[in-house]
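What follows is a pair of complexes built around chain A, which joins chain B in one and chain C in the other.
Now for the complex of A and B:
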């Protein structure tokens, strides 16, 4: 075989924007979050499990859910990690600021976990089972970034 | 139910590396395919159908079934693509089994491949998760695995030293496998001193990114014993999904593996997996899974995984060696990874695993794992299964 230098062709900074539908259930969640700073879940009529974010169908029971319930805003840390490696966030194309707390919050009254940032200024307080509350953004956008992060409360 | 028996009669793998700039996708696939055909002493003319797959978005081009004909040998043959994220390779194997067991095709070529070097792995993996609810805090494969490990540790008191012991095992085993990417032993201290990526996962607790391909040939009973004197019979397959958003997951246990294991073992009459299974090739993308998932599989009771690992039972020469190939921590061309587990289990049953051979293998298990907490499993056996 010929001894040559192997060439790599670069794509350049390709960008492909999308427009995501969140449906009626997702829209209700974001309206409540934006207008009233409240969290909305939905209860399964069969297994009674409360889902956050709300969605139309309980996957376990495969039945339609219609009963909206308010959950949170406080909750407990269900599980978490602290991200310490630098990586490019594919949603923004820029490097994600590290370290950051990657939290799964069990909002009061909910049975599933809600993902968001956890404040890790004092890492010793960030533990599974710790009580947390949301810190909201001043700007009301009607998306997940209306919450800045959750912080541990004593 | 299977209409007829199915066996693996040949396997082929590339020599997996972090970068293969000397070949493009088709050429990488071609290497594995020609090796599998040579192993089975077949020509491409003998192949009735092809199943191929990888994990979309790693290469910036989808639809490998369309553009890879030079590599796959699929010219004027039925070709179908399967892709299920991390489980792609094991799903390909299950799909191949279905093709042959159903009576539709006699000899099927199954191909899994990936050129992970062509993109940012974390960015590509993120595209598999919900853009509105899952992506804000998501950090690729490592974040989900880290929260699983945190949950397990909080529940059962395992430590990062326990995790490191699994990395030490797999990296040692990889030294016996000429196809593995990382063929250098590591010590407990080296694992614990490697950079913390996401608590409690260190750099040496997780899989690398790899360029590689694997091909497996399955044949019906009518042909299998004519092709090889040592076919690897597929006794059963199982697969379970349980996920909508990441927040729905029961973190700390892999429910899908618990359910798939029950299903797989019930189908085959396995009542004491620890005694009846001789070797496991587990899709174990990070060290802690080596502790947690053997509990889900029913090998040991809940909370006893670490103790079993420390006893040496899963090392080469132990009661139940796990990952003689070095597993995923030593090598991870994602779309091929699950199929490599299947091929390695087949080599063990066929007695062709060379320096990594476990003696007298009657039953082997291979698994697949997807970041959405899915599980695929296959049971491989030396004897023919009952129909």
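Now for the complex of A and C:
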């Protein structure tokens, strides 16, 4: 084959913005989170499992869920990771400061795990089974960033 | 089952195939598969392409590789997901009796994008995506859940990496053949605790193609068929918080169904080789257990005993697996192609003694859905 310098075409800075529908269940979750700093889940009428975030259908039972229940705000770490490599934050396009923690948290009264940041300033306390509580943002936003992170309760 | 794989073709897996377009990759893999089967493109009566629009950076990505896959004026359809699922669609077509030869391709080029942004886009945009979760951070949490539940150690995870990178030294298609030690793995950069850099598969480019034919067609050709004995796939909940991340329930179900079709009652004794979707070290162990090739929580111990080594009783990823090259989407089809070469006795330096093998593919985050293929030398 010919020895040739390969050309790359860059995609450029254009983006494709979306307007994602949150729906009734998610809107209720975010309104409660924003206005009352409370977590809302939904209970399956058949298996009684409480799902957070709330959604219409129980995947296990294939039935519609309508009974909203308050869960949390405290919970227990189900599993977690501590990020030590600076990935690019998809929202800002910049690298996040490391280290930072992600966790799956079982909010009190819920049967599913809810994911968010976990404060890792004292890594020795971040363990599976550790009790945590949310720290809310000063600003009321109506999205997942109303929670800044969860922190381990001493 | 009245269908066989009669040809396979793989490109080398590389960090960046900057000199080739997707179509160029498909052209190479397709022609290798056709040559392998001793067929021409006119012998192929339908085509399934497998790709992902996000990874390809274009919508309807399946269409861009059509010409190079010989689809012109043919029946062509597409699957978005892992190649094993594309192949399952092809198999269904073969078994319908309406098609004699189905060509399946799967491609991706991880080198063209920022993989953490692509995998972040797989998460729910309402609750998860804004937090920056990506494949590695999510899998790190699954790794921790699995290790916590089973007592599997970081050293056992590291041993998977040592085994697979070593196996890759005899695989001319592999991207990362290496001699490394457990210490090398554990002292490599901690990416997302507990996953070190060498616990993670690389970003890769590659394309694989296979040809599936019905039994009537197989009788008419000279190619050495590998028979499809059982295929099943199964899916779990979308939200990872809904699942028990320490277990692979969907894989257990898929494996049970595939073994049942193949008449296998004791997979540990009846499977001779396995090519498994080891995107991360812990996944090889978790999926080995999900496939019933080890008891839950025992794969790490069996690995230490050498059972999964190339000269062990049940070689796993003798090719080097995804840890030695991970072209997303194509990766599962590579697993099938590798098992086919093993069963034909044409795997070169990585050859093991095998009559029956299992190939495994994953679609979705942290193993949301699994596809299991049981292949046999004999009909």
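Please note the rule applied: the second predicted complex is superposed on the first by the 154 of 154 C-alpha atoms of A that agree within 3 Å, B and C clash if a C-alpha of one lies under 4 Å from a C-alpha of the other, contacts with A are read in each partner's own complex, and residues count from 1 in each chain.
Just so it is clear, a contact is a pair of C-beta atoms (placed from the backbone, for glycine too) under 8 Å apart; a residue touches a chain by one contact, two chains touch by 3 or more.
Remember, predicted model here, so these are calculated numbers, not experimental data.
Contact with both chain B and chain C is seen for A:91 once the two complexes are overlaid on the shared chain.
Once the two complexes are laid over each other on the shared chain, residue contacts for A:8 go to chain B and to chain C alike. In the superposition on chain A, A:115 makes contact with both chain B and chain C. When the two structures are aligned on the shared chain, A:81 is found in touch with chain B and with chain C. After overlaying the two complexes on the shared chain, residue contacts for A:102 are found with chain B and with chain C alike.
In the superposed model, A:25 makes contact with neither chain B nor chain C. After overlaying the two complexes on the shared chain, residue contacts for A:150 are found with neither chain B nor chain C.
In the three-chain superposition model, chain A touches both chain B and chain C at residues 6, 8, 11, 18, 20, 22, 26, 51-53, 59, 78-85, 87-88, 90-91, 96, 102-104, 112-117, 128, 143-145.
In the complex of the two chains, the chain A residues touching chain C come out as 6, 8, 11, 18, 20, 22, 26, 51-53, 59, 78-85, 87-91, 96, 102-104, 112-117, 128, 143-145. Taken together, the chain B residues at the contact with chain A in this complex read 21-22, 60, 120, 122-123, 126-127, 131-140, 142-143, 146-148, 150-151, 154, 195-199, 201, 242, 244-249, 251-252.
Of all the residues in chain C, the ones that touch chain A in their complex are 18-19, 57, 114, 116-117, 120-121, 125-134, 136-137, 140-145, 148, 189-195, 237-242, 245-246.
Only residues 6-8, 11, 14, 18, 20, 22, 26, 51-53, 55, 59, 78-85, 87-88, 90-91, 96, 100, 102-104, 112-117, 128-129, 143-145 of chain A touch chain B when the two sit together in their complex.
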